[in-house]
Structures are given as structure tokens and as C-alpha cells.
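Chain naming follows the written order as A, B and C, and within any one chain the residues start at number 1.
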Amino acid sequence: MLTSLPQRTAIRNPRAQARKTFEKQPMHIEIDEISKSFGTTAALHPVSLSLPSGALVALLGPSGSGKTTLLRILGGLEFPTSGRVLFDGQDATGLSVQERRAGFVFQSYALFRHMTVFDNIAYGLNARPRASRPTKAEIARRVTKLLDLIQLPDIGARYPSQLSGGQRQRVALARALAIEPRMLLLDEPFGALDAKVRKELRQGLRDIHDTTGLTTVFVTHDQEEAMELADLVVVMSMGRIEQIGKPQDIRARPATAFVKDFITA
Amino acid sequence: MKGPVIHRSPMPGLGLSMGITLTMLSIVVLLPIGALLLKGANYGLAGIWETVNRERVWAALFLSFRLSLFAALLNLVFGVLLAWVLVRYRFPGRRLLDAAVDLPFALPTAVAGIALTALYAPRGFFGQLAAEIGWKIAYTQWGIFIALVFVGLPFVARTVQPVIEEIEREVEEASATLGASRLHTLRHVILPMLLPAALTGFALALARAVGEYGSVIFIAGNIPLVTEIAPLLIIIQLEEFNYDAAAAIGIAMLLISFAMLLAINLIQVWSRRRIGYV
Amino acid sequence: MSDASLAKPVRFRAATEESPATRWALITVAFAGLAILVFAPLIAVFVEALADGVAASLKSLASPDARDAIRLTLTIAAISVPLNAIFGIAAAWFITKFDFRGKAFLITLIDLPFSVSPVVAGLCIVLMFGANSAIGGWLVAQGYPIVFAMPGIILATMFVTFPFVARELIPVMIEQGRAEEEAALTLGASGWRTFWTVTLPNIRWALLYGVLLCNARAMGEFGAVAVVSGKIRGETATMPTTIEMLYQEYLSVAAFSLAAVLALLALVTLLLKTALEIRHADQLAATHRH
């Protein structure tokens, strides 16, 4: 009984526990002259961008602006035609998607439908080679902790089809966090939700970012969302970066006619 | 839940379509199957058991079921592979390969039977090759096995193909971003998603193989106790006008079919409950 | 182009792809498997048929046995396929346009013949309509024998091909819903007019698809027909049963020549089927069954 006391405290204060897992120095991401073309069409003209360690960054733009392509290049799901990606100053361009350890949350969440929520969150840990795989008990402990973090402690045994849209989004987030990612990448994390849930979960993402301290990049086409949530907003259009800046700066001094139009729309 | 048997509808043609459906279903399918069951009922359980419980009948039923199981297992593996290759890869000849999967459905069984026999008989193309290493295929259980693989070939591939087409790329990508190797993704994410469809195809191939006659009898050799399949026993009994015995074996085979049909339905119920789709 | 990208001409692999080596290995296995299982038998049919030359093969097809068999098989298909098409349309209409209890059970019953061995199907028809049964005996006394005669073969053929058309039409008609028919009815069209001008044009490709498969199976059915036909030459011997008789009399060229005709039919069926799948994929159940 005595030995379980610390854990009880942990459950009462999951955020404190989570901070422990992610207390390493968050990663600094550098995008150096990255371009991408699909066949003859250019999705990204050479873009360069420096994402400060621990920031919450929004890639904002209309569809076709290249923001999702840029996110997928960071996650290792797409490879640049030219240019480099640097993680903490080291060239990561050639790293495979598995080696990147990017916590990626997909627009559709892409939860595994044949697995329970518990197994979904445990997936990344179970997929590790035997030598570096945590014990069953350790995995269970971490999953429980993550379920507490997303404030859904009792849904471990359910299947994704039995969850609401907002719950699915948070489970996808927990699954991405389970691998102790070096950064968090989210593709339209609120895109599939109705307006009310969307507002609630915005604060949830901000909280999780603040708790974990991870460098976090999310893609959105909703300027209000980007402005309200992000430390740094990158406005994109037609495969180019239009402006980089803090929300208030962008609002006060839009750099181009496009930005002006887009943020007032 | 107690509503009317048939809800009122503004659609015309209720009487006509229901009449045609039920009349033809009865004449062509239900009454004949009923006649078989009635024959069995008259013959009695004891009579059926006495007929079935003979060495030659057991041997035939066991042979049909065992070889069908092996053939369906091979088709399970090969069918999933085929479906994957046809859906995911682009290569010259893909359309041809896709169409070829259906040939066992389209080619009459008797034609397949004599063609396979010509190939695998001791002087046939493959038969000669096999004979060189002392392997006899036609007129042995190997021959039956090959014929059953042939007839069951399309089932798994055709049930699995649409499921592979519907897998979202993002699910595979999610697995990779979580650090899983491609092999791990295939084993733990993709195969489980294909499993219900693959098992359905497996059961269909099995059911087809157990009842198969035309493509097997030419290559089987039909030696009692060794290469005599259950459907052939029915034909032999009929040729001797031994209707009771034929009915008894027929009922035994019908029961196997019904069990398989039940299995398929259970697979689909299980799959729908667990992951919300078939 | 920066120096870094020039220095590294790395070909990246997408996260959802297998390595090229794995890919080609799997494609090779698929081709090899189908070559042994499907292409080889198909080629064997034509090689054996032409073993004594084209003339010998054609001559055997002109023999009275072969000609009678072809004529009978065509007749059987010409009767049983349209009957099953009518059944398929009626059943699909009944099932998709009305709500009634026991619908799922009815669909199971329609699918039943697919899971019954053709030999057992033949046996059922012999027991129902054979001279020893009540109905069969009475019909024989009236001068209408069923078993060992054409009606028996037609029944057996219909039994084994029973679900083909219905099974293709039902999912297509479920997907299309009832709105168009309801619109036609509110505009004052009669039931028949609605069917001919609204429903039928929407389901014609699916209907053709079902009929195509039904026909291929009808012309090739062996097990069920072997049981009910009695295989009387010139009277009840169809193409498949004639192939068996010729083969057992060691008339290899004659047997394979007849088999080659059926194999050609199978190839034409597959060709038309593929063409339908390419051109009318959106209107077929088979191509977007989930």
C-alpha cells in the first residue's frame, strides 16, 4: 500500500508527472532552403525557417499553400526535392520516418480501429525492438499516465469507433506523446471537429504543449485559431512563406497584401 | 419491434415481385433441398449414421475436408499476397494478372479437370518434371489438392482486394511515425485489418472445395479409401439407385456447408462488433 | 541548387512502401503462382486440342455428338439464364423497394446455392423430381419426365446459378435508393413505365454483369448436370458431360476441342467482364463492394 502512494499523487497531478518525462531540452528545428515538387508542379519553393526550441508554431495558409507538405517533410513522411532539415543543428534530412521520433497527429487521427485505446497508445512502445522495449508493467504505467494527461482516464478498454471526435483527437495526441517524441507535429488537429469542441480542445493543446514543453508545429487554415493559440505564426501561400512573426505583430503589420487579406477574412 | 410483416409502400409491383421471388425460390432451391431433408428424415438418424459410419464414407468425407482445408490455407496466404500486389503495385501485366484471378470462376470445372490432368499426368508437362524426382501428382492426393487450390483461388483475393483499397494511407503513416518498421506495420496494423475479409474468403474457398466435383474427378484416380472424394460417392450411390445412401451422404455434406455458412456469418458479426465494419 | 542537395542524391522511400526488392519478389511470386495454376491449364487445353492439327480439331467439333452437345448447352443456357435474370430482377426489386420482416433470411436463402455442392444440388433435384418421388412419378405418368431429361438439366443449371443476378443487383439497387422511382411515380408514371424508364437504365450494366457470370456458369456446369442428366448421347449430354465421355473413351483431341470452345467462352466472358469493370465501375456492385 505504501509503495503505491507516490503514484496516487501522480494521478492527482498528471501534468507534474508528464513534465518529468519531457524535461529534456526541447528541440530546435531549422528548415534550410527546402523545396518540394510533385512531378512538374512545385508544392514548395525553397523556404527557410527557424523554429525556436519549445515554441508552439502555427503553419497558416489556404489549401494548396504547401503547409501540410512542409509538416510532412518535418515528420519524414515526405522527402524534399532539395534543401536540408536540421534538428538541434544536425542534418536530419536523411533520417527515416521511424528514426525521426516525431509525434505526428493526423488530420483523420488515423487511430488503429482494431485496437483498444490502450493498445493504440501503447503501440509505439510495443513496436520498439526487444532490447529497448519497456516492460509490460512499465508500458501500462505510461499509458495510464497519458490517459490522465488527456483527462480521459477510463477509456482504455474502448475501441476508437466508440469514441467521440474530440476524444479521438486526444487519444491520437496521447499516442503520439507515448513515444517520447522530440517534437510534436499536428496536421489540422481541429479540422474534423465541430465549432464548440474545437474551442475546448484549443486550450487542451496549449496546456499539453506547456506541460510537455515540446517544440510543437500545427497546420491550420483558420487564422483565428493560429492567432489565438500559437507563439509564432508562419503564413504561407502558393508554396512560399509570406510572413513569420508573433500573432500580434502579424496582425499589426501584415507584410504583404495576401497576409492582410487572409487575416482579416 | 412488432410491426407489420410488410410495411406499406407507394412502390408498385409488390405482389408480382414477391410472387416471382418466392415461387421460383421454392421450385428451384427450397423444395429440392426440402426433398433431401425429407428423405433423410424418413431414412432416420440411425439409417443416416449407419450409411455414413462406414470406412469408405468416412475416408471420403475426411479426404474431402482435409484436402479442402489445406487448399484453402494455401489460398489464404496466396490470395492475400495476390490482393496486395494487385492493389498496391503498378507493373506491366497487372490487368492481365487481375483478370486471370477470375479464370477459375469462369472456366468450366470439367475443362479445368482434364487440363490439370493433362499437365500433371506422368507424361504431362509438370508431371514429367515431378516424375524426375520421383513425385507422382496426378491420380494421388496431390492431384486433388492442386485441383482444389485452382477452384478456390479467387475467393480470398477477391474478398481482400476491396479492403486493401480502403485502408487509409494515414494509418500506415501513423504506424511509421510511431517508430514501427514496415514489417511491424504489415503484421500488426495491416494484417489485422485484412483478417475478417481473409477469413471470409477462406471459408468460401473451403466450402467450394469440399463440394467440388468436376475439376477433381479426372485428376483424382478415384481409388476407394485413398483418392475417392465425398461427392463422387454420392454419384456412385445414385448410379446404383441407392437413393437412401446418397441422401445420407448428401445430408452430411449439406451440414458441413451450413456449418461453414454459419462460420462466415459469425466472422462478419464479430468483425462488425469489434471494429465497426466488415 | 545548394551544395548539400547536390552532394546527396539519395532516393528516399515513402513510409508506406516496401523496399523494391520485396516488391519485385512479391510480384514474381504472384506471376509464378498464376502461371502454374491458371495460365498453364489454359494453354494446355489449346495445346491438347490442336495436338493433331487444326483440321482434326475442327472435324471433331463437327461430329454429331459434339454438335448435339453444343446445341443442347446453348438451349439450356437460352432458357435458364433469362429465367434467372427475371428472378434476379424480381428478387432485387422485392428486397430493395419494400421493407418486410425476414429480409436478411430471404437473402441468405437466395445465396444458399453457392454453398451447396453441385452434386448435392443434383441429388436434391433427383429426389424431388425423380421417377421414384411423388411429384416426379406423377409427372412421368403424364408424359413429362423431369430427371434424365431437359427440364431436369434446366432446373439443375438454375439451381447452381440461382444467386448470380440477384446478388449483383441488390447492392446496386440499395445504393441507388428509391428516390428516382418515387419521383417518377409522383409525376404520374405507371409502375411498369417507372421500371422500364427509370430503374432498368440505372441497373443495366449490373444486370449485364450478372447475366454474363450466370451464363458462363450455366454453360459450364458439370457436377449438378452430370447427376440429373443421365448423359444420354444426342439427348441429354451437354458440352461438359460430353467432354467427360469423350475423355474417358480416350478421344483426347475431341474432348479437348470441345473444352477449347468452352475455354474460349470463358475468355470472352472475362474480357467482357473486365471491359464492364473498366467502363462502368461506378454502376457495378462488384467493383465497389466494401
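Heads up, the rule we're going with is that contacts are C-beta pairs under 8 Å (C-beta built on N, C-alpha and C of every residue); 3 or more make two chains touch, one makes a residue touch a chain.
Note that this is a predicted model, so its numbers are computed, not measured.
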Practice task
Considering only mean CA positions as chain centres, point out the chain farthest from subunit B.
Solution key: A
Problem - Result of counting contacting C-beta pairs for A-C and A-B, higher pair - result: A-B
Completion exercise
Between the Cα centroids of subunit B and subunit C the separation in whole angstrom comes to 15
Fill in the blank from the handout: Cα centroid separation, subunit A vs subunit B, in Å, comes to 47
Completion exercise
subunit A and subunit C have mean C-alpha positions lying a whole-number Å distance apart equal to 52
Practice task
Would you give the residues of subunit C that are in contact with at least 2 other chains, written as numbers and ranges?
Solution key: 15
Fill in the blank from the handout: Among all residues of subunit B, those touching at least two other chains are 173, 176-177, 277
Problem - Touching two or more other chains - residues of subunit A - result: 76-77, 97
Handout entry: Complex contacts: residues of subunit B adjacent to subunit A
Key = 168, 170-171, 173-181, 184, 188-189, 192-193, 274-277
Exercise for the section: Sort out for me which residues of subunit C touch subunit B in the complex. Expected result: 15-19, 23, 26-27, 29-31, 33-34, 36-42, 44-45, 48, 83, 86-87, 90-91, 93-95, 97-102, 106, 108-110, 112-113, 115-121, 123-130, 132-133, 155, 158-159, 162, 178, 181-182, 185, 190-192, 194-195, 213, 216-217, 219-223, 226-227, 239-241, 243-244, 247, 255-256, 259, 262-263, 266-267, 269-271, 273-274, 288-290
Problem - Contact set on subunit C toward subunit A in their complex - result: 1-2, 4-5, 8, 10, 12-15
Fill in the blank from the handout: In their shared complex, subunit C is touched by residues of subunit A numbered 32-33, 76-84, 91, 93-94, 96-97
Practice task
Write out the stretch or stretches of subunit B touching subunit C in their complex.
Solution key: 3, 5-7, 9-14, 16-18, 20-21, 24-25, 27-36, 38-39, 78, 81-82, 84-86, 89, 91, 93, 95, 97-112, 114-116, 118-119, 124-126, 146, 149-150, 153, 162-163, 166, 169, 172-173, 176-177, 182, 207, 210-214, 218, 231, 234-235, 238, 243, 246-247, 250, 253-254, 257-258, 260-261, 277-278
